[in-house]
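Order of writing sets the labels: A, B, C and D. Residues in every chain begin at 1.
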Amino acid sequence: MPRLRLLFLLALFPVMVAGAQLGLRAAGMEYCLTQLTMSVYYALVVMGLCLLMGYAGQVSLGHGAFFALGGYTTAVLTTHDFSGIRACAGVGVLERAGLLVAQQDLYGQAGLSVAPWAAFAAAMLLTFVVALLIGYPALRLRGHYLAMATLGFTLIVSKLLLGSALTGSADGIHGVPEWKLLPGLTVSGRSALRVQNYYLACGLALLLLLGLRNLLRSRVGRALLAIHDRETAANAMGINTAAYKLKVFVLSALLAALAGVFFTHYTGGIAPSEAGALKSVRYVALAAAGGMANLWGVTVMSIALNYCSLRGWFGSYDNAVFGALLILIISLAPEGPLKPLGLWLRRLAGRPDPERRTPHGAP
Amino acid sequence: MQNESLALQYLLSGITKGSIYAVVAIGFNLIYSATGIINFAQGEFLMLGGMVAVTLAAYVPLPVAVTGAVALVALVGGLLELAFFRRLRRHSILHLVIITMGLSIVIQETALHIWDEKVRSLPYFTGNEVSSVRFLGAAISPQVLWVLGTVALAVLGLHFFLRYTLTGRAMRACSSNPEAAMLAGINIPNMRTLAFGLSAALGALAGCVVSPMTMTHYEMGAPLAIKGFAAAILGGLGNPMAAVAGGLLVGLLEAASVSCLPAVYNDVSAFVILLLVIFVRPQGLWGALAPDRVREH
Amino acid sequence: MALLEVTDVRRAFGGLAAVDGVSFTVKPGQIKGIIGPNGAGKTTLFNLISGLLKPDAGRITFRGRSITGLKPYEIAGAGLSRTFQNPSLFLQMNVLENVMVGRHCRTRWGFLGCGLRWPGQAREERAIREAARAQLDVVGLAHLAGWSAGALPFGQRRMVELARALATEPAMLLLDEPASGLNTREKEDLGRLIRQIRDRGITVLLVEHDMSVVMGLSDDLLVLYNGRPIAEGAPAAVQNDPRVIRVYLGEDLQNDESGGDAPPRAPATPPATCCSR
Amino acid sequence: MAGIGVLGTLWLTSSCSPPPPSEPVKIGALFSVTGPASFLGAPEEKTVQMRIEQINAAGGINGRKLQLVVKDTAGSPEKAVSFAKQLIEEEKVLAILGPSTSGETMAIKDLCEQNQMLLVSCAAAETIVNPVARYVFKVPQKDSQAATWIYRTMKEKGISNIAIVSSTDGFGAAGKKQLEDLAPAEGITIVANEVYDKQATDLTDVLTKIKGNPKVQAVVNWSIVPAQSIVAKNMKQLGMDMPLFQSHGFGNRKYVQQAGAAAEGILFPASRLLVVEDLPANHPQKEVLATYKKDYESRFKEDVSTFGGHAYDALLVVVEALKKAGEPEREKVRDALETLTGVVGTAGIFNFSPTDHTGLDLTAFEMLTVKDGQFVAYKQ
C-alpha cells in the first residue's frame, strides 16, 4: 500500500471534521454540530452493515434491534433504581467497586443505579450473546430467508420493548445520565460540551473506519469478498465460511450496539421506535445508497442523509425525499454515487490505484 | 360460555386474522414467482386499493367502486414496474428489493398528501358493523366470509391462470428459467410488468375486502406487508396455495398465543415460531425447494 | 503407501446412484486420470473427495487420515486442493487477490489482528502477496496481476484458478476438466504445466474428456461408467480394454454384464484415434 | 483540501442561517404532522397556524406580531430531541408548543428544563407534570381526571368488575396506568387487563379472552384510531352487550361514523368541544368553543377534533402569559404562566399553580354517549 495514498486518506477525514467545526464556529452556527454528532453515531451502524452486506453479502434487517439492544440495556441499567436490593449482600461490594453509583435526577429523586461503564460492558456482552444466538441458525439461510429471519428478530425485540413496563413500554426510557468516559471526556447532550462530543463521535468513527479498512484490506476482507462471490469456491479454498459469516455478523451487531449506547447517553433517552422495522430498513437503504461495498462512501452518504432529516430540511416531506433519493441513487448508480468521486480522489492523490488497472464491471 | 365455544371463537378469530395475512401473501407470491423480487411495497397496493375504493364509493355503488379501484391500482402497479424496474439491467435482486422499500415509502407519503391522515373505511359488504354470523356459541362478522371468499377466488383464479392459460404458463416459465423462456420467444419484460399489474390488482382487491374490518389509512400497508411476507415464507415462497395456509397459520398462532399469554405478546410468539420453522425448514412448510438449494439471489 | 484411498464410496440423488461403490488409490507423485462418458459420475466423485458432497457410504482417507464427511475447508487445510469444471474466480477482486485467497488456509491472523494491523499481521500480508505473485509466475500470468478477474478470457481464468489452487500448498491437486475450452496451444502449455507441478512433488488427480491430453499425461487411469469403475491401469492397457472401447462407442454394457461371455464386437485393435472426439 | 472543508461548511451552514433580526416574537412548535401519530399532529398544526394568523391580523400581542416555527417530528423521539435543540439554541423561541405524543414530550422534558425553555405539551401523560418541572406544562386534561369520570359513571350504573384493553402507544400505556392506580380508591376491581398492538387489524381474539371471563360487567378501551372503532365493532360482532367505555381520545364525530351502528351506547368523557351546540348559552366555554369550531370547520372543511383543541389551548395559555408578563422575556412569561387563572380554553378553564402544571380540574370533562350516531350528554 503506497505510503502517500494511505496518508492522504488518513488526513482527509480529520481535515473535513475540523474544517466543518471551525467553519461553523466562524459562521456562528456551532449548534449544527448536534445533528452532525447524532448522524455520525447512526453512521456507525451503517458501517457495520457495509461490512456485513457489502463485503460478506449477508442481508440483515436486524440492526435496528441491535442498536436498541445496546441503547436499552444501558438505559435500563443506568436509570433503574436498584436501591431496593440494597439489603442483599452483593450490593455493598458492587458499590465499593464503583459499579453502582447514587444517581440524582433533575427533580430531586435519588436512586442507586449502575455506573455507565458497567452498563456499557453489560450492553456489549448481551449483544454479543444475542447476536451469536440469532446469527448461528440464521446465517445458514440465504437471501430472502435470511432477510426474513433478521426481520422477524427485529419485530420480536421491538414488540418486547413495547410490551414490557421495565423498558418504559411505548414512551421508552428518559433521563439517562451522562457517561464520563475519561476525566476530560463526557458523552452528554449538554450544549457546553457540544464541541467535545462532536470530536468524540468523529474520533470514534475514524478509529472504527481505520480498523474496518485494515480488516478489509487483509486476508479477512478477501475471505469475506470470496464468500460473497462464490461461497462454495471460497469454502474449497480453505475458508471456514460459516464461522466467518457469523463473526462478521456479530461484529456488525456489536458496532450497532456501540452506536446505540453512545446515542442513548448523548440524547439522554431511547424509544421503541429505534427498534422498529422501518429503522432497520432505513439502515439497509442507507448502506445501499452509499454504494454497499464502499466503506467511505457508505459513511459519508449516511452522515449526509441523516443530517438532512435531523435538520428537518424537508419538513413533513422528509420520508418522501428519503424514499425518492433511495430509488434514484440505486437505479442510477448501483455501485453508489460516491464511486466516481472515490476514483477522482485517488487520481488527485497522485496515481490511480495500480492494482485495479481495468475497472471491474460485473461479467 | 363453555370452553368449547370459547375455543371455537379463538379458532374463528385466528381465521379472521389469518385470512387478511393470506390475501396479502398471495400478492407477494405472484411477483416473487415471476421476478424473484420480494415486493416490500405489496402492503401499499392494499392501502391504495382501499383508499381509491373509499373515494369512489362516495359517487358510485360499492361493486363499481371496488372494480374501479382494482383496475386503477393494477394500472399503477404496471406503471411502477415500467418506470422503475424495466431498464434496470445490471442490478442484483438485493438492489431491486431495496428499490421496492423506497417505493413503499414514496407511495405512503404520496397517499398522505393526496388523501389525508384520517382513517376511513368501506361500508360492510353485507349487514353492518354489528351484524354477525353465529353458530355453536361463537360469532364471526360476515365480512370475514367475504375475505375468505376472495382468498378462495384469488387462489383458484391464479391456479387456473398459471396452469391453463398461455400467458400464465409463460409467466411461470420466465420465473423458473428466464434465459430458456427468452429463447422460447416469451417477452420477459412484459411478463414482469404483467406480474406487477396482476399482483397490484390482487392487493387492491384484498385492500377493498378487508377495509371494513381493518379500516384504511395511509400507514396500514407496512405492518401488513411484513405479516404477508412472514405468511408467504412460512407457507413456502412461490406457491400461492401454501401462502394461504401460511397466512391462516400465522393468524391461528396469534390467536392461540392470546388465549394463553398476555395479548401484547401475540406478535412475539407468532414470529418466534416463524423463526423456528425457517431455521428448521427454510423453504417453508409446503415449499418445494430442496433444503440445500434454498433459493439465493 | 497410497496418498489417497477411496473405498466403496457410494452417493445417490433420490434413488439414482451417481457414484456406486467406487474404490481406487492414488500413489504419491503420480498423475492419475479419471475418464468416462458424460454422466459417469466423475464430477460427483470429485465433489465427494473434496467435501462438497457427503458420501452415503464408503471411506476416503488422505495421507492415512480419514477425510470422509469433512467440510471442504478442512480438506483444503489437510492439503487437498481443487479447481472447478467452469472456473469460479472471485469477480469482485483482481487476479492477484484471487490467488491470495488461496493462501488463506496457510495463514492465521484473525479479525482482531487484521483490524489493529498488528506488526506480525503486516508481515504476513506481505508474505501472502509475494507467495501469490510466485504462483502467478508459475502459471505465467504475473503480468495480469492488476487485472480484474472478470475481465479475463476463459483460458486465462483457468490458469488463475490453477494458480489459486497451488497457492494453498497442496499435497494433492484435483483438476476438474482443466483442458475443456482451451485451444491446442493452451492444451500443450497446460500439459507442460501439470508435469512441472508433478515434478515439484504435487500429486495430481485429473478428470478429463480430451483423450490426447489425459492419455499423454496420466501415469495411471481409472474408467468410470454409470458410477461404477470398469477398468483401471496404465493408459495403454486401458485403451485396449474391450469394455472401455464399447463404452466409448456408445453401446450399453447392460447386456454384456448379464451375458458375461458375449465376444466383443469391436475390432481387435482399436484405431489410434478412436477415443478422441 | 481546505477547499473541501469550506465546501462542507457552506453546505452545513446553508441550512441554519440565523433568523433575520426583526421584532416578531418567535414561538416554536413540534407536532407529528406525519407518521404514526399524524391524526394528533395534523389538526394541531392547522389550528396553531390559523390562530397565529388571526392574532397577527388583530395586531399581535402588546403590539408585536407572533412568528411560528413549526417542525414535523413524524412521531419519532430522536427527531423531537434534534428539533427541540434547534428551537432552543438556534431559533431561540419564547416557548415550544407540543409535542403531540407523550413519548416525544418525555424525551425533551429534561432538555427543556436544563435549558430553561418553556414547554407547553399537547400530550396527556401524567408523568409530564409529575414530578413537576419548572418549565414544563401540559394543556390536555389529565388522564386521571378522565379515569375518575369513567369510574364515577360506572358506580352510578352499579358496575364494579371491569376489563381494561389498551394499545401499546404512549396514550394507551398512560391511560392504563391511571385506570390501575385509581381503581382501588373508586371501589372498582379490574378482572382482566390486556394490551394490544396499536396497528392491530383485528381484535376478536383479545375480546374473546374477555368474553370468556364471566365476571366482566363493563369494558374500558384506552386507545386512539383505528383501534377504538375496531374494539367497538368486534364487541358487537362477538355478541358482547356489556357497556363499552372509551377514553377521551374518542372525541371526533368521524370516529363515531366509522364505528357506525357499533358506536351506539358508547360512554366516554370528552371536552365540551364536541357538544358545543347543546351547551347552555351562559356556559363560560360556549363562546370560545363555538368560534373555534366555526373557524376551523369553515377553513379546513373537516370536523374539529379535541386534539386540535389541545394546540388551541397551548397557544392560548402562552399568549395569555405573554400579555400578563408584558414583554417576551422567558423567565417573566414562565412566572406569569405558572400563576395564570381563569383562562377559558377548549379543554376547560385553566388555573395553573406552582404544583399543578396542567391547570384543569374534573369540571374539564363531561360524560358523553352516542345516540343515533350523535354525541349526547350522558344523564343518569
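What we mean here is this: contacts are C-beta pairs under 8 Å (C-beta built on N, C-alpha and C of every residue); 3 or more make two chains touch, one makes a residue touch a chain.
This one's a predicted model, so the numbers in the text were calculated from it and none came from an experiment.
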Any chain that touches chain C and chain B: A
Identity of the most central chain, Cα criterion: A
Reference chain D; chain at largest CA-centroid distance: C
Centre-of-Cα separation between chain D and chain A, whole angstrom: 35
Centre distance in Å when chain A and chain C are each reduced to the mean of their C-alpha atoms: 45
Chain A and chain B, separation of their C-alpha mean positions in angstrom: 33
Interface hub residues of chain D, defined as touching at least two other chains: 34-35, 168, 195, 197
In chain C, residues with contacts to at least two other chains: none
For chain B, residues that touch 2 or more chains besides their own: 109, 262, 264, 267
Each pair of chains that touches, named by its two labels: A-B, A-C, A-D, B-D
Residues on chain A engaged by chain B in the complex (per definition of touch): 53, 59, 137-138, 140-145, 147-149, 151-153, 155-156, 159-160, 162-163, 277-278, 281, 284-285, 288, 317, 319-320, 322-324, 326-327, 330-331, 334, 361-362
Residues of chain D that touch chain B when the two form their complex: 34-36, 38-39, 42, 165, 168, 194-197, 199, 201-202, 204-206, 208-209, 211-212, 214, 225-226, 229-230, 232-234, 236-239, 254-255, 258-262, 302
Interfacial residue positions of chain A with respect to chain C in the complex: 211-212, 214-215, 218-223, 225-226, 228-230, 232-241, 247, 251, 293, 354-363
Touch list for chain C against partner chain A, complex: 50-52, 71-73, 76-77, 81-82, 84, 88-94, 96-97, 100-107, 109-111, 114-117, 121, 124-125, 128, 145-151, 164-165, 168
Complex interface listing, chain A residues touching chain D: 11-12, 15-16, 18-20, 22-24, 26-29, 31-32, 34-36, 38, 105-109, 159, 162-163, 169-172, 174-175, 189-191, 263, 267-271, 273-274, 307-313, 315-316, 318-319
